[in-house]
Amino acid sequence: MRQTEALIVERTVLGPGYYYYRLLCPEIAELAKPGQFIEIKVSSEGTLDPLLSRPISIYRIDRKEGSLAVIFKTVGRGTRRIAELKMGNQVSIFGPVGNGFTLPEETGRIALIAGGIGMPPLFSLAEHYPERDFTLFYGGRSAGDLLGLEAWEKLGVPYRLATDDGSAGFHGLVTALFEKEYEARPFDYMIACGPKPMLRAVQQLAAKYRLPGALSLEAYMACGVGACLGCTCVTTKGYKRVCVDGPVFDISEVAFDE
Amino acid sequence: MNESMQVEIAGLTLKNPLLPASGTYGYGREYLPFFTPDLFGAVVTKGVSVTPWVGNPPPRVYETPSGMLNAIGLQNPGVERFIAEALPFLEPYRTPVIVNVVGKTIEDYVAVVERLNDFPVVSGYELNISCPNVKEGGIAFGTQPDCAFQVTAAVRKATRKPLIVKLSPNVTDITAIAKAVEEGGADAVSLINTLLGMAIDIRSRKPVLGNVVGGLSGPAVKPVALRMVYQVYKAISIPIIGMGGICSAADALEFIMAGATAVAIGTGMFHDPMQPQKILDGIREFLKDENIGSIAELKGIAHD
Amino acid sequence: MNESMQVEIAGLTLKNPLLPASGTYGYGREYLPFFTPDLFGAVVTKGVSVTPWVGNPPPRVYETPSGMLNAIGLQNPGVERFIAEALPFLEPYRTPVIVNVVGKTIEDYVAVVERLNDFPVVSGYELNISCPNVKEGGIAFGTQPDCAFQVTAAVRKATRKPLIVKLSPNVTDITAIAKAVEEGGADAVSLINTLLGMAIDIRSRKPVLGNVVGGLSGPAVKPVALRMVYQVYKAISIPIIGMGGICSAADALEFIMAGATAVAIGTGMFHDPMQPQKILDGIREFLKDENIGSIAELKGIAHD
Amino acid sequence: MRQTEALIVERTVLGPGYYYYRLLCPEIAELAKPGQFIEIKVSSEGTLDPLLSRPISIYRIDRKEGSLAVIFKTVGRGTRRIAELKMGNQVSIFGPVGNGFTLPEETGRIALIAGGIGMPPLFSLAEHYPERDFTLFYGGRSAGDLLGLEAWEKLGVPYRLATDDGSAGFHGLVTALFEKEYEARPFDYMIACGPKPMLRAVQQLAAKYRLPGALSLEAYMACGVGACLGCTCVTTKGYKRVCVDGPVFDISEVAFDE
């Protein structure tokens, strides 16, 4: 983990409310692994509000350039402030944070299940393991919420899309789409990142099909380094910190409430 | 240079007046990527209880204007695992270690202190008396002068190590509590702990925190913390460790001028993990600019 | 549209749940360039005392992180000039006028109320019991349940108009005070007044405010205010006017969901004088978006 | 008084820490008088810190264009945030606030005494009364603190400079410079704006020479509209509000402490 002033070397608006930034931060890029995240400071000098940094997953790691790319959605005041930053600006970040993904030696066919803005860490994973057999299931509200498809194409990872409104791909839940495909041709491993209801459904599917796998979780964070115990989630082994014990957990380990 | 930063508190000599606020720095390990425990004048650990505490259900933290709420619920592995894991980690550093102690009964506090007394790495204790006193219907020890006195006096009897008592700000008269713990035998007080607050998610129409209420900290509370340090300085004669919203050298200096001998940073580290170093540098620079020989000279100067 | 915004409090029907917080809106005249008193569900005036009060020496205000300190010292021209100047100004508007009353003794409060009882433009009173009680050594009425009860009961006897008592947050247990004023005959409570705070100028090494300490208000205090409204809602059965840091419709809704029937904006107007209008618009939009027939339905919903 | 989103149509850095902005705000320019000020919001959407607006004097009024110009110095976090605004940005302001200057019918020779960043309101005054006989006494720490001299030249107002370090004009206090000139050729009226110690000295000079005049004061402000009584100064008639009873006060009326 390092703290640095990263230079914004690329900024692209991917769609309404969706942003792509490439950040020059060699010390952090050097250490980064797929599934980890960075903490981005959202207040400028001279203001103490918003006070806390925002966790954003690493989308791409370019060690050669010494850069990291992120994709995020503006949902509140913090992400909106990041979106105001321009190419050439500096932004204070620290990272990489978290355990990241660790794939078992043998995984066979891997289903990546992304819900909305949960896609980015799965991309860094797929890019990191070009030899593995990934299939992406990517769900969103609408066609406009499904980002970076060209990049997935380039990577050669097949993808299946699902939207709530039917504007792209399957009309319905991404988990239903996965099930359909699974029934036709099974998977051996599943990794999911997205909203809680989706993760819960994925966990149920994993149980149903007895599949191993991993979930990447989100939580409100304060320190982002494991010190404050603020970001805990409930697991079968008690409370764990999402920031450093996660954000990636074994699929059977996470205990969803209700 | 360090001479000018040196302060004495509760019989301990600290090379500088900056401490981490309990509970924001874990047991020191997590911030190693940014700095070692030796950066601080002393380390103050996360609260330690006699048996493990699981803490509160999530969500446990939430951001508020220039501040944050936390309802960690004092999750900690208990004194035995603290001894097994945290003490060996802290041992090699040269900085004094102050163990923050939590309990639900007076006996709890005493048990932790007695268990730790023989470890030389433990330089002193900070009693967190904002914990609910289960024998008094869950009212926090630190909100009643007599309860505050009793727990202090009981722990005082149990140890000869420096004893700091950490006051709760959720009281009508903080000076009454400060006087009670001074009388109880405390060597120093630290203040403030968090202000009780809450937040509601208007979409779900429910309190945000799993525990409903939580503790407010960060720059938002600084004016309240500073006022309490100022008041307590006039009321007692033992030294004060001031905290609550410190995010800059100027903030730290305000607390010292209000009467604090040393200061602690908590939420400010979450705002920026490099803040402790910046604060120390900033204080040194201020002393130089203003031609002040020692930080101790500034203590309580706003009262003159 | 206004039906959905209507609330009842202390026997008054307010066309919307938004009020100005006492002392931040003068007697209504100064904000005319931005909006008229009729924007609000009711006007709450700056504190009025029986004789003129000169207030505190400057500086009286100072900005803090997401908040501000004030030590105005309740400067006001006294009830006679209030009658001569403020009431004729407010008379033509259709909005109920709640007069905030301050005093140093119980008799002071009673005298103001008795003097104003016969003016039909005065719809009700809000007692500011954060004032120091000179007969009790300057301790604020609002920090002791018995003093709070006494002043409320005395004023209750002096008027049949709606009586709101405004609580001080600088207490260990706000519910004890709320219960005392309910027992004393209050028709409603309003909370919170400001949290006691201070600031130090590190260059001059002196407190910034002429009065040394002052009241902290603004978004910084919102979590504390909200928690107190939530606690008081469970403790008493008279309605609550919630305030403390409200700067947006979402903030106002949080207070209502915590249990407030109406809300007030103070410091938020300083942040942006157009904020009251924006808050009303925002609440209406929320009700529409969420398909809620009346704001009253949301009252206390976070407790369910 | 009006509230508006003003468009920044000109932004010039006058020197280290000194900025000139021209703001398009026809509603406010329409109403503005010399000696009044505007309140500038310094926090952007989504942050509540700094919370309060900053009072800045009106330097020039251009009714035809519908614009106001201001000059300010960055001293803290609020002014630094204003300085970050670029041409083409909008900024939330309200005003004009305050009583402004009112010159008696007959003033004879008027001395304008400016200390540092107290100069701007005096310029708007001089520009407004081209027929009057003004002389500017302008003091600052150093030559770099004396701004907009060309504009004064263009206006045809003679000026005398004083600096603490002697880097421009008279080496010493602006009030000493005034006295020297006064002894040579008396003035009939004096108007001053600047730091408190200077204003106090000016008041003493006015008493000594029995000169009428006015002082423009500063105070920490909260509401900026006269409602909160936060900005009071001490006068011979009790506390008065700097924001709306001032910022301009009769020179004999202000009571300085100690």
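Going in written order, the chains are labelled A, B, C and D, and every chain counts its residues from 1.
Please note the rule applied: a residue touches a chain if its C-beta (ideal position, glycine included) is under 8 Å from a C-beta of that chain, and two chains touch if they have at least 3 such contacts.
Just so it is clear, the model here is predicted, and its values are computed rather than measured.
Common neighbours of chain A and chain C under the contact rule above are B, D.
Annotation: 36 Å between the Cα-based centres of chain A and chain B.
If you average the Cα atoms of chain A and of chain D, the two centres end up 53 Å apart.
We define each chain's centre as the mean of its Cα atoms; on that basis chain B and chain D are separated by 46 Å. Of all residues in chain A, those that touch two or more other chains are 43, 48-50. The set of chain C residues that touch two or more partner chains comprises 65-67, 218-219, 247.
Taken as a graph of touching chains, this assembly is fully connected, with contact between every pair of chains. Listing the residues of chain D that touch chain C in their complex gives 1-3, 41, 43, 48-53, 92, 94, 219-234, 238-239, 244.
Interface residues of chain B, counted against chain D in their complex, comprise 65-66, 219. Every residue of chain A that touches chain C in the complex is listed here, in rising order: 48-49.
Across the complex, chain B meets chain C through its residues 64-67, 69, 143, 170-173, 195-200, 202, 205-207, 212-213, 216, 218-224, 226-227, 230, 245, 247, 250, 253-254, 257-258, 286, 298, 301-302, 304.
Of all residues in chain A, only 43-50, 76-77, 80-81, 84 touch chain D in the complex they form.
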